[in-house]
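Here come two complexes built around chain A, the first alongside chain B, the second alongside chain C.
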Partner chain A sequence: MSLVSVVKRAVEYVAERFPVEKLNYHAMVEKKEVPVHRLSWGYYLGGAALFFLCVQIVTGLMLLFYYQPTVSDAHASVEFISEHVHGGALIRNMHAWGSSMMIACVIAHLLTAFAMKAFEKPREITWVTGVGLLFLTFGFGFTGYLLPWHQIAVNATKIGLQSIEQVGQYLPGQMAQWPRAIRETIQGEATVGQATLSRFYAIHVIVLPFALAGLLGIHLLAVQLHGMSRGVDEPARRREKFFPIFIIKDFSVWGVAFFVLFVLALCLPFESFYSYPLFEAYDPNGSTPDGIKPEWYFYFVYYPLELLPFGVILVASGLAAVLLLLAPWIFRGTSRKTLRILAFAGAAYFLGMTLFGERIYHFFKGGAP
Partner chain B sequence: MNRLLGFRARADGSARRAPFAFAALGVAFFAFAPAARAYPEFQAQIAKGAGRPVNCALCHANPDGPDGASYGQIGRLNPEEMERLNRARKAIEPGAEVNSPILNEFGNELVRSLGMRRLLELKLNPAALPDAIDPKSDMDRDGIPDAEELRDATHPLKKEDGRPWRLFTHNVRKNLWTIFLAAVATAAGLYGLAQLLQGFARAARAAHGEEDSSDRE
Partner chain C sequence: MIDSFLLVGLPYLAITVCVVGTFWRWKTQAFTWSSLSSQFLEARQLRWGSMPWHLGILLVLLGHLVALALPRVWGSLMTYPTLLVITETVGLGAGAMALVGIVVLAFRRLTSGRVQAVTTTMDLVVLALLFFQSLLGVLTALLHRWGAAWSTATVVPYFWSILLLRPDPSLVADLPPIVKAHLVGAWLVLLAVPFSRLVHVLALPLSYLWRAPQIVIWSGSRRARMQAKDLAVAESRREFLKGAAGVAVAGTLLSAGVLDKLVRFFQGPKISGEMETVLLAKRLRHLQMTAEEQALQLERQKNDRILIGRLSELSATKGKYFIDFHMAPALAFLGANGLPLLISAKCTHLGCTVGGDVDAQGQILCPCHISYFKITTGEPNPGAPAKTPLPHLEWAVVDAAGKTLAQRTAGGAIEGSLAGVPPEACQVYVCRPSPEGAS
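Up next is the complex of A and B:
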């Protein structure tokens, strides 16, 4: 195969995935329709995730005005925001609740898109960028968790970074040193300290947002060019206009999401779900409080890690990541019914580990839950 | 222990002061200071009762308690702070002016309202501490009385720390008007946006129809 034909095929492949000739008023507004069926609710999850991203950007910018990314001042600045800045507690709580809701929406969006076989040709790139966005969202969660510099933040980050280094023992030859190098690069010094905080801060507010903007741009462009996938095997009951009907419904979901988020942020401090010693300023010379664990959206990896050998989890995580990224090709011939069962099993595992992970852990390891 | 401190328990749970009580308390405070300063019995009981970890910061200025040389610990106190600490140690009866630098506001209030003698009695029955304090006292104004916060192992001075459902219901009641306004604003905003989008759609259809008709002409 000559280079010219390779390039030609690549151009054809991209052109089929990004039919930019559809970028006109007639195709994008007048003609565009959305199928209505029993899984139509899944079409609104991506929009909800986008809404929570907007909330995170706005509230994150507001927090930036006061937050100090130094180990001596980070915790104090966060307390200052909560205690002394007008509306600061509400904004900070919106940021905390918003991050959880965004991750919940992104995971639900991924599972429903999988169940609806929304990765079918020509939507492969939409899917792959979506999986990339999921990983970026987890990256936001991991890096943002450290910024308040309280006990649970620093200690959970230490555990997370140690896990990276542990990968080395399963790699051959020189590759065994790579995870240590990655950890040291992220950490920036011998232990989690000022260099780590500075790097996590830069990654959280600069690197990840730029990466997200790029991937999200491609994802949204592909979604708009191809429209909604058919979602179910049987013909849709009816179709509705994308503009204005679907857009109005989508904004209505945004409105409800905003109201729920506002009430939660106003009335239910995110920290109330944890014991207070976990939110005290990190003291390297002080004792480590009980109950250190990552945010709830990492429980699906955290509890299995506590129960099973690291190597098993490493292989399982690697396989899951490959399955997710290559889903459009691996599940090309799989029926939607089978995909729905797989998505349901995935959701059951995630919910089970999130809600009952601690009980499962104590069931196998003993001790009071 | 009661005997050692010079108290004899009565049937109703209170204690009668023996003649050598003050002398014994003095010995307890100053000769065996490290044992008498910290109150791990309360911490252990509160954590056990609620199944939730707590640390010394519930009553103390430092999360690791008063012993040491860090902030809020005895090793770092200046003479003026030592004097305040000693005054607090001598607050045997309730009502004394207490402002100990090793205690937080709640810890000082405990000593002020109960007195050191009652606190030392309670050390023998730490589960009774929540019942001993004013049931209406709510120092962080989060809607959960301090006594309940102790039973739940949540912090009486942190308004964001409390049983989630109790906090939620209290804050909903407190912010009902704000929530109502937010609901009205959201609904009005959505209604306006929907009207605007439908108006755009109608205008686009009309303009397109006019174009079509002019084309036909």
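Up next is the complex of A and C:
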């Protein structure tokens, strides 16, 4: 195959995925339609995730005005926001609750898109960027968790980073030292300290948002160019216009989402699910308090990690990542029915581990739940 | 006596009759399963009665149901004062709305001739029951406030005691008469379900929520049909205007609220002088902690030995924390030979700090994932998440004159002895790990 034909085929491939001839008012606004069927509710989830992202950006920006990213001041500045700044507790609480809701929406969006086979040609790029966005969202969660610099934050981050180093035992020879080097590069020093805080802060506030903006731009452009995927096998009985019908419905979903988030943030401090000592300022010389665990959205990998040998988890999560990224090609021929069952199994696993992970852990390992 | 009938006998009677009766009616008279709409007989008053009644009672019933079904969740939520106030306010508002609705409905049923024509005695009984029940509910909310909280220790366990067949009327026996009457009323309403239009509560027409609205009209003449069409057009225009007005008002309120919060957020807090002192002191403390941390680091850069304390301060059962040359926590114990025993306290599993209390088996515990380490060897217990032992650290014991009496070298060998020097006069140092020991 000559170079010319390779380039030609590549251009054709991209052109099919990004049909820029549709980049006009008529195709993107007047003609865009949404099929109506029993899985139509899935079409709202991406929008809801986008909405929570907007909430995160706005509340995050507001927190930036008072937050100080140094080990001596971080915890005090967060406390200052919560206790003294007008509406500070609300804004901070909205940021915490919003992150959880955004992740919930993103995961549900992924599962429904999978069940609806929304990654079918020519939407592969949309799917892959979507998976990228999922990883970025988890990255936001992980880096943001450290910033308040309280006991649970620092200790959970330590544990999370340590698991990178655990990969070393499976690598041969000199390579066994690489994960440790990687961890120390991420940390910036031998243990989680000021360098780590500065790095996580920069990643959380600058790096990830820019990466997210880029990927999200591609994701949304592709969605706009291709329109909604059909979602079910049988032809849609009815289709409704994206503008203005669907978008109004979308906005009403956002309204409800905001209401729920606002009321939750107003009434229930996010911390109320943990015991207080976990939220004292981190003390590098004290012992680690009980009950250190990651945020709920990492339970699906955390509890298996506690139960099974690390190697099994490593292989399984590697496989899962590959499966997710290559889904458009791996599941090209799979029927929607099978995909629905797979998505359902995935959802059941995630929910089971998130809700009952601790009980499952104690069931196998003993000890009081 | 009367109490035990009303609070135990009546409930079981009501539940049995309700279950059996409803089932019997569903089997034998399924077509009477209806709310018996009279909308086409009289619509104007109905709207002002039925809407508030149903909205109000649905909210109130939902609150009751959640409290009864999830008592622990509800009880813990109600410990937040803000949430309690909100719940009580919403509940009272919904209850009042339902009461207004039922009054309007009662008035309509008693005054409209057309509706009178289809009214049965049972309808009037139900109406009266629901009216008194709503009234009692609102009175309870007004006169015996915070029912959302106190009911979790009285009514909810009483309800479960009935359901679980070990009735305990003493839980509610001492409640005020209004509340007891409300309870009795609830059982009476339940009793009436199979014999009245109340069965429609058990039908859940969820699809009504998103189906297109239907207008009930007299069928027949062409004129009526045209009228209905015009009505539908006018109605949809009105709905749009109403919606737009609603969005505008809500938008204005929302932006006013958000603006207020935003402006005050960026204005920054007004802090009293006293508070300012507290905050400054806290800040200073944190800065001092950081400074100490960095001083420790510098100390370890410059020196080959770091002082931990006197040998007499060490104990065999309670470790003394110090920071080792890797800037990680470590513990100092008194060994069985009267010499120090220094062991890293950074768990070899995921790096948590290991606790300093030695248990009866001579082990210390990492609280994160429950690994026990024997302090004499550093080995974790079999099956622990940690696989490798905690390393022992090198130490030196120095007398008052600065002479090294004993030390532990990189290989683990102990050289020298205290030679009779009292432990009060001995200083324990941790030594910089030698390069070969580190590898």
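Note that the second predicted complex is superposed on the first by the 366 of 369 C-alpha atoms of A that agree within 3 Å, B and C clash if a C-alpha of one lies under 4 Å from a C-alpha of the other, contacts with A are read in each partner's own complex, and residues count from 1 in each chain.
As a working rule, contacts are C-beta pairs under 8 Å (C-beta built on N, C-alpha and C of every residue); 3 or more make two chains touch, one makes a residue touch a chain.
Computed from a predicted structure; not experimentally measured.
Should chain B and chain C be called a clash or a fit once both complexes are overlaid on chain A?
The answer is clash.
Applying the touch criterion given at the start, work out whether A:Ile247 contacts chain B, chain C, both or neither, answering first, second, both or neither.
first
Does chain B (first) or chain C (second) touch A:Lys158, or do both, or does neither?
A:Lys158: touches chain C, not chain B.
May I ask you to decide whether A:Phe65 touches chain B, chain C, both, or neither, giving the answer as first, second, both or neither?
second
Considering only the touch criterion stated at the top, classify A:Asp73 as touching first (chain B), second (chain C), both, or neither.
In the superposed model, A:Asp73 contacts chain C only, not chain B.
For A:Ala190, select first, second, both or neither according to whether it touches chain B, chain C, the two together, or no partner.
second
So, does A:Phe273 touch the first partner chain B, the second partner chain C, both, or neither?
A:Phe273: touches chain B, not chain C.
Quick check for you: in the superposed arrangement, does A:Thr334 touch first (chain B), second (chain C), both or neither?
neither
Under the stated touch criterion, which partner chain does A:Asn24 make contact with: chain B (first), chain C (second), both, or neither?
Neither partner.
Quick one: is A:Pro289 in contact with chain B, with chain C, with both, or with neither? Answer first, second, both or neither.
So A:Pro289 meets both chain B and chain C here.
Flag for me the stretch of chain C that overlaps chain B after superposition; candidates: 27-35, 243-251 or 369-377.
243-251
Please report the chain A residues shared by its interface with chain B and its interface with chain C.
266-268, 283, 285-287, 289-290
Help me check something: in the complex, which residues belonging to chain B touch chain A?
51-55, 57, 63-64, 70, 153-155, 158-164, 167-168, 171-172, 175, 178-179, 182-183, 186-187, 189-190, 193-194, 197-198, 200-201, 204, 208
In their complex, what parts of chain A are in touch with chain C?
Touching chain C: residues 62, 65, 70-73, 75-76, 80, 84-88, 90-91, 155, 158-159, 162-163, 190-191, 266-268, 281, 283-290, 292, 306, 367 of chain A.
What part of chain C is in contact with chain A in the complex they form?
Touch list, chain C to chain A: 80, 82-83, 86, 261-262, 264-269, 271, 275, 279, 282-283, 286-287, 289-290, 293, 321, 323, 326-329, 345, 349-356, 366-370, 385.
Can you name the residues of chain A that touch chain B in the complex?
The touching residues are 29-30, 82, 89, 241, 243-244, 247-248, 251-252, 255-256, 258-259, 262-263, 266-269, 271-273, 275-277, 279-280, 283, 285-287, 289-291, 368.
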